[in-house]
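Mind having a look at this structure? Questions to follow.
A, B, C and D label the chains in the order they appear, each numbered from 1.
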Amino acid sequence: MGGFFASALKEDCVFDLFFGTDYHSHLGTRRAGMVLYDTMKGFDRSIHNIENSPFRTKFDSDVQHMKGNLGIGVISDYEPQPLTLRSHHGTFAIATVGRINNRTELVNGILSERSTQFTEMSGGEINNTELVAALINEKENLIEGIRYAQEMIDGSMSILLLTPKGIYCARDKYGRTPLVIGRKEEGFCASFESFAYLNLGYVDYKILGPGEIVIMTPEAVTTLAAPGTEMKICTFLWVYYGYPASSYEGISVEGMRHRCGANLAKHDEISPDDIDVVAGVPDSGVAHAIGYANESGVPYSRPFIKYTPTWPRSFMPTIQSKRDFIARMKLIPVHELIKGRRILLIDDSIVRGTQLREKVDFLYRSGAKEVHIRPSCPPILFGCKYISFSRSTSEMELVARRIIDDLEGRHVEGDDLAPYLDPDSEEYARMIEGIRRQQGFTTLRYNRLDDMLDSVGLPKENLCTYCWNGKE
Amino acid sequence: MGGFFASALKEDCVFDLFFGTDYHSHLGTRRAGMVLYDTMKGFDRSIHNIENSPFRTKFDSDVQHMKGNLGIGVISDYEPQPLTLRSHHGTFAIATVGRINNRTELVNGILSERSTQFTEMSGGEINNTELVAALINEKENLIEGIRYAQEMIDGSMSILLLTPKGIYCARDKYGRTPLVIGRKEEGFCASFESFAYLNLGYVDYKILGPGEIVIMTPEAVTTLAAPGTEMKICTFLWVYYGYPASSYEGISVEGMRHRCGANLAKHDEISPDDIDVVAGVPDSGVAHAIGYANESGVPYSRPFIKYTPTWPRSFMPTIQSKRDFIARMKLIPVHELIKGRRILLIDDSIVRGTQLREKVDFLYRSGAKEVHIRPSCPPILFGCKYISFSRSTSEMELVARRIIDDLEGRHVEGDDLAPYLDPDSEEYARMIEGIRRQQGFTTLRYNRLDDMLDSVGLPKENLCTYCWNGKE
Amino acid sequence: MGGFFASALKEDCVFDLFFGTDYHSHLGTRRAGMVLYDTMKGFDRSIHNIENSPFRTKFDSDVQHMKGNLGIGVISDYEPQPLTLRSHHGTFAIATVGRINNRTELVNGILSERSTQFTEMSGGEINNTELVAALINEKENLIEGIRYAQEMIDGSMSILLLTPKGIYCARDKYGRTPLVIGRKEEGFCASFESFAYLNLGYVDYKILGPGEIVIMTPEAVTTLAAPGTEMKICTFLWVYYGYPASSYEGISVEGMRHRCGANLAKHDEISPDDIDVVAGVPDSGVAHAIGYANESGVPYSRPFIKYTPTWPRSFMPTIQSKRDFIARMKLIPVHELIKGRRILLIDDSIVRGTQLREKVDFLYRSGAKEVHIRPSCPPILFGCKYISFSRSTSEMELVARRIIDDLEGRHVEGDDLAPYLDPDSEEYARMIEGIRRQQGFTTLRYNRLDDMLDSVGLPKENLCTYCWNGKE
Amino acid sequence: MGGFFASALKEDCVFDLFFGTDYHSHLGTRRAGMVLYDTMKGFDRSIHNIENSPFRTKFDSDVQHMKGNLGIGVISDYEPQPLTLRSHHGTFAIATVGRINNRTELVNGILSERSTQFTEMSGGEINNTELVAALINEKENLIEGIRYAQEMIDGSMSILLLTPKGIYCARDKYGRTPLVIGRKEEGFCASFESFAYLNLGYVDYKILGPGEIVIMTPEAVTTLAAPGTEMKICTFLWVYYGYPASSYEGISVEGMRHRCGANLAKHDEISPDDIDVVAGVPDSGVAHAIGYANESGVPYSRPFIKYTPTWPRSFMPTIQSKRDFIARMKLIPVHELIKGRRILLIDDSIVRGTQLREKVDFLYRSGAKEVHIRPSCPPILFGCKYISFSRSTSEMELVARRIIDDLEGRHVEGDDLAPYLDPDSEEYARMIEGIRRQQGFTTLRYNRLDDMLDSVGLPKENLCTYCWNGKE
């Protein structure tokens, strides 16, 4: 994934940029960077590797020396960003969040036609953001360039582009990922996460529509390309990877999760008397579980605590031999809340099933009497092809698909999967029972697609449900 | 405060020491260190400043080169630790957790009598751990030395002392802070926090009693000085600063907080119908709030989210001018859960009142209709003099004391405070109303001392309640 | 200036690359970098700022992890280098040494015609090496591209270009800067400084001619473009900035300086009896002085010692206020060798005159009786326009030009300077006397152009003498 | 060895301390440190490892934040220094240069009598400077303490001791190492190397006598303990490890080396016509060679250049396997000056003979016709036991001693060595011929003890000659 933040103020914006970018740290694990533009000093850029050290530790000293009233910052799961470039558009800086499925074709196309070059190589790979810039540079002006890049890219691409005149902010064509504008007296900010500007004194100003492009200056935010009519925002933003304090399209993540958990509870067959506690897998399962507990009247509790003080993101220590071991160390059991209990455990989703199974095994070993699993979304049957989303994986690693193949004794694809999409079918029931048995859960019930979508509250055609029903 | 961890294994213990120490990061903010002893390499020590960088980032590379089957690690709020020393006891390493009220007297006593010297100075101050070592070195053998140090020190002092023969583990004289032993096939560990060894494969083996001293080797844990009969463990360990997944004296922190919140609810005068949601101030207020919500049937929710990915501990950026501003940035509001709501908010305690007031003001500004405050412990009337505890502060900064002086129009001390300790007195009621009005809460009700102590479940005489009733 | 080194071995070349590049540290002060190519790992690049830390300190840890049998390294006075790029030529790395006078025209030309982009910006400036790459990428193949770049660039440009198939080594069109090939059993190296490979076990293999392009693999060095017939190698390489242990065009720097000093002595009017000691300004003046002393029979001595242990290159401490002071701290006087002495002091050249004047003043203050100055080259009258050479400066900062203008009472340019080029003219004599008086030297005599060129020994038309006589 | 510097100014002394200490970098390779005392800030200390990075790189950023008008700095070959301590003398900082032969006895004595402790352990070893402090702390006041420490220590010990009242400067009992005071308007400095303060604006003020103790403040330097009458300054200071620009006891190092080389020439049997060039092994052999060349009339030249830009001190890269190889990389041959030449090569001394042999072999391989070796001191027959001097080594590693044993066919010790001390004896001649043949020199002639001592010019009884004649 990844996330970004931009600020355009009548005064120095480095403080806002530092914290606004830092607030996106949960979205990426590899690189982070900031570029500032100051009328006197020009462009100033800083990029660091954040794999084993938090954003704040790495950028704290840079911030002392950076200065400017326009700036963009990014947390990146992949390539080093932002880039500063010079082309016929002049000098500009660029940061992106998105996914490019047709990278090879685009690169080959560019290199076959023209004598351009890509310099931001890492391990032989071309930097995605540089590729986006190359596409933008094919056109006469920046607006056409950005639209062209978004048109050419198979996937999705949101862009922050900093020029001396202002910051171009472009949301991806179908609004799969969010981009919002905040306002305060001194100017404006643009952000992936809407919560990122709250503590910096901004209030909600504008939600960019799908494919909308604006230019942001300290004085104004002006639309350069109107939003498209078609929207397909990723439902998983609410279900799993969005920050609880954020809102997307004006709908609170925490609120959606409460409703989602409540919907799970409403249609659950299990009686509240048959469970002792409701719990959620941190972080994203927690709010779903609160919703379920509040609806059902079953006590909410935390049998796992997530250890946070020094475990920012996916710290990977150099002690190679123990990597798997370390991955398991983030959750700490509270034995008193596990022993002898019948636990209803809510996770946002089940992907490959391995992590959840480990947790459930651990609960049994710690003395849990029963473990009832309630994923807050339906079975995942398709890998994401629209955004760079970490739950996205090879489809045959999805536990639901593996169970289907087992049940049918053959590789099931395409239309043949249809029966398994219907929660009222016998096939669906067999699939669920297969997963339950294989995973060792006491009971298993997934949320229904409709219940989950109702929890968001947007028109269903505006929500991408590809992971669950393969609908493009 | 501060915390420590030790490991004695038949194999290299550096991995356990690294993570076991890291799991104490929530207890200290300034320095951290590890010492290992290896038969071939001898003592090997590493100390880092962790003020702006997590333990793991700082020690990750050291761990590659360190080696040994005995080791001690410490997270320290004050002095650099552990120290490696040579005295007539031979060479040893030492780490401490505690408080020394009579430091000047002890130093003067030592320097007036003998030609010793203190070398671990920081800013002209003598290192507390070096002072403890100096006291230990006054006696013939280490056991006598440790007992002597604990006897002489006014405050409390728990000690890990690493020698080539094994690790001496000494819990402070009255057991004010915890010290437990874990066991696995390869050996043993000693830890302040009991949860710190769970994910490392250890199981609970032994809780050290007050003043108990053991020597820990990979083969055995042998008691060298029997535990005392008197115990005064700090009740705030459960209420506030203990880690939720820990147990002290076998009693779970999370469990105690659930009972504590439930007790608050049981005796609350407010009707569940008059509040919309129950919430807790992260981190420690959360479990109290869950207990209250489960008991009262009022929905639990999270109007604040604590931003954790990159905000380990008390990061203090170099941008001096904005320090206050930054302190407020850790909690992020969820507007949808605040607007128009009647919120019952539980914090572990109220010290000076400034932080809580800021949060409540913020809730009002964000549209909260009512904010009812329920601290899970009684009013704090006395500053801690036994352990280095961050809630400890000058007594006249305590909001309850300031209100009492205001009410009486004079400085109230000693026995004159007695009426304010009785929750059924008129004076107590006036004090509470004074705090409520000054702080701007809709209603305010503190937990009763008995209800709080019942939530722990230990004999009352074993729990230190000095902060609340001045009983030594 | 700057310097570079490449290695192509049948085995891992990282050790040779590290030391071979380090041996060029005297040529640059800002950035250094290395790129390795390994069949399995692909391209691996490391770049560091070396302004306040030596190359070895900065790259020592990188070297542990880098690997490859082909590699290029560079010490750069300006831009970060080498770059790794992808273009229609595939992926390659490139390092350059040279000067581009027509950068703006080249950039504008490229940007106006095509949609290319420059990403390696520092402070808004386009990276010269990226510009060279952009020129190379305009042509069908690398050889044509390199020739085209050299053709288009006004200045000079030597190039190392690393591809998976081998390393292209191209000496600038008129051979203004050197490029030599060394050979050992395991393969080959290419180097600016010929001494850089001696201690690594290589022997002299081939001197590239002007504009010659070769491809170097572990097995062979193959000429791809034959050398041109015209050569204009910079004479200052021998006189001033070449390393004493190097040879250019097979002619030893130290040897040339001995002959140059000897020629100075041979034609000097001063009697050996009228001077007590001959001394040289470190570093480059030393060998000239040895040559003079050996020829004249006057004792050689060192009234100045250059402090080297921790003063690598142009260390510029952050204590801003004292920068000028610090610049003077590198030379340390030996009072015993100064007091009461008549010193003949040889410096390689006089540019602005300020530094030499400071040294001479210092000698007088330390008790020198007389200070006779003998620059080993003629008066500098023109600024270099061919290579990025630190002695090159604005012409009106040249002391000789300022004195001429003073003498004539007007700004003298072009053909009007002719009389001052003739060492036998009255104008020349007046200019020398003007400089002498202004600088406070006891006597002053410059080397004659012929004497200096004779000391090199190459045909005069192959040596660039632009600085002295303006001959292009 | 090691060296130190102190400054006491009416203004902030950090600038002087930084450069004054840095100028001692040639004397040590492992640790460096500075302590400042400021009336407001108290003591402030900074210590760094300088094994792979120069002093200036490591301390540049510290200097920004340090402040004080009293300060001491040290370059240390062994222990981390300076230390800051508190004892009955109050708080002070201490740095030392010296050697302690009876460390074990002193430590055991201290630990057996008293309950003191040593905390500055590195790898199990007690820090020498802490041991000195412990000795000083045994006495009532600092003067008595310093004298007592110097009395008890077998070896030598010079001390800088910083208190809020001023800096105690104590030269070792027999003045084996130097200690001088410089003065400028703003105050005073104390220094091992006299050249270290020249560029900082100080002039020579006072040479401390053997065992003299002074207290230095910004206002005055007051003698607290008068100098002793017996002096045994190390002759090797001039011959080998002193800095050329320094003077000891007022005698210039460079000047002594010139005279020493001249004396070698005067009594040499070889005719100037039989050698082509005179050369010196850098660094210390250079000035001896200049003296020889000037006296003999044989041209001086530099067949080796020492590579300095990035090779500060004994950089030891992490590429373990190539350490020997790397040690050889500091000297770079100048082939043109070697080929076909008859070279007379002067080194300061021959210890084990391995390094010189490597250089001579290299000269032969590079085409030298003859290599005549002239050490500027007599054969070393005894290892130093007075100062921590790197030429000091196990006596049986000394090439002269190994040859003697070979010649005699037994281990020769004590009085039996007498004949080999007499340069006119047959035994001496056989020893020299033995060394020459084993080392492969064309001819070999050592300087005579008298010629060397005459070059210094001090009364012979004031110079330690133990290395050469075993006279204590």
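Just so it is clear, a contact is a pair of C-beta atoms (placed from the backbone, for glycine too) under 8 Å apart; a residue touches a chain by one contact, two chains touch by 3 or more.
Every value quoted in this text rests on a predicted model; they were computed, and no experiment measured them.
Visitor: Which chains are shared contacts of chain A and chain D?
Guide: A chain counts here if it touches both chain A and chain D, which gives B, C.
Visitor: Count the C-beta contact pairs for A-C and for C-D, then tell me which is higher.
Guide: C-D
Visitor: Measuring centre to centre, with centres taken as mean CA positions, what chain is farthest from chain A?
Guide: D
Visitor: Cα centroid separation between chain C and chain D, in whole Å?
Guide: 35
Visitor: Need the CA-centroid distance for the pair chain A / chain C, whole Å please.
Guide: That pair's centroid distance is 53 Å.
Visitor: Residues of chain B that contact two or more other chains, please.
Guide: Answer for chain B, listing residues that touch two or more other chains: there are none.
Visitor: All pairs of touching chains, please: list them by chain label.
Guide: Touching chain pairs, listed by label, come out as A-B, A-C, B-D, C-D.
Visitor: In their shared complex, at which residues does chain C touch chain A?
Guide: Residues of chain C touching chain A: 42-44, 83-88, 91, 107, 111-112, 114-121, 123-124, 126, 130, 133-134, 137-139.
Visitor: Help me check something: in the complex, which residues belonging to chain B touch chain A?
Guide: It comes out as residues 15, 18-19, 22-23, 25-26, 52-57, 60-61, 63-64, 195, 198-199, 243-245, 247, 252, 254-255, 258, 287, 290, 293-294, 297, 299-302, 305, 307-313, 315, 317-319, 322, 326, 328-329, 332-337.
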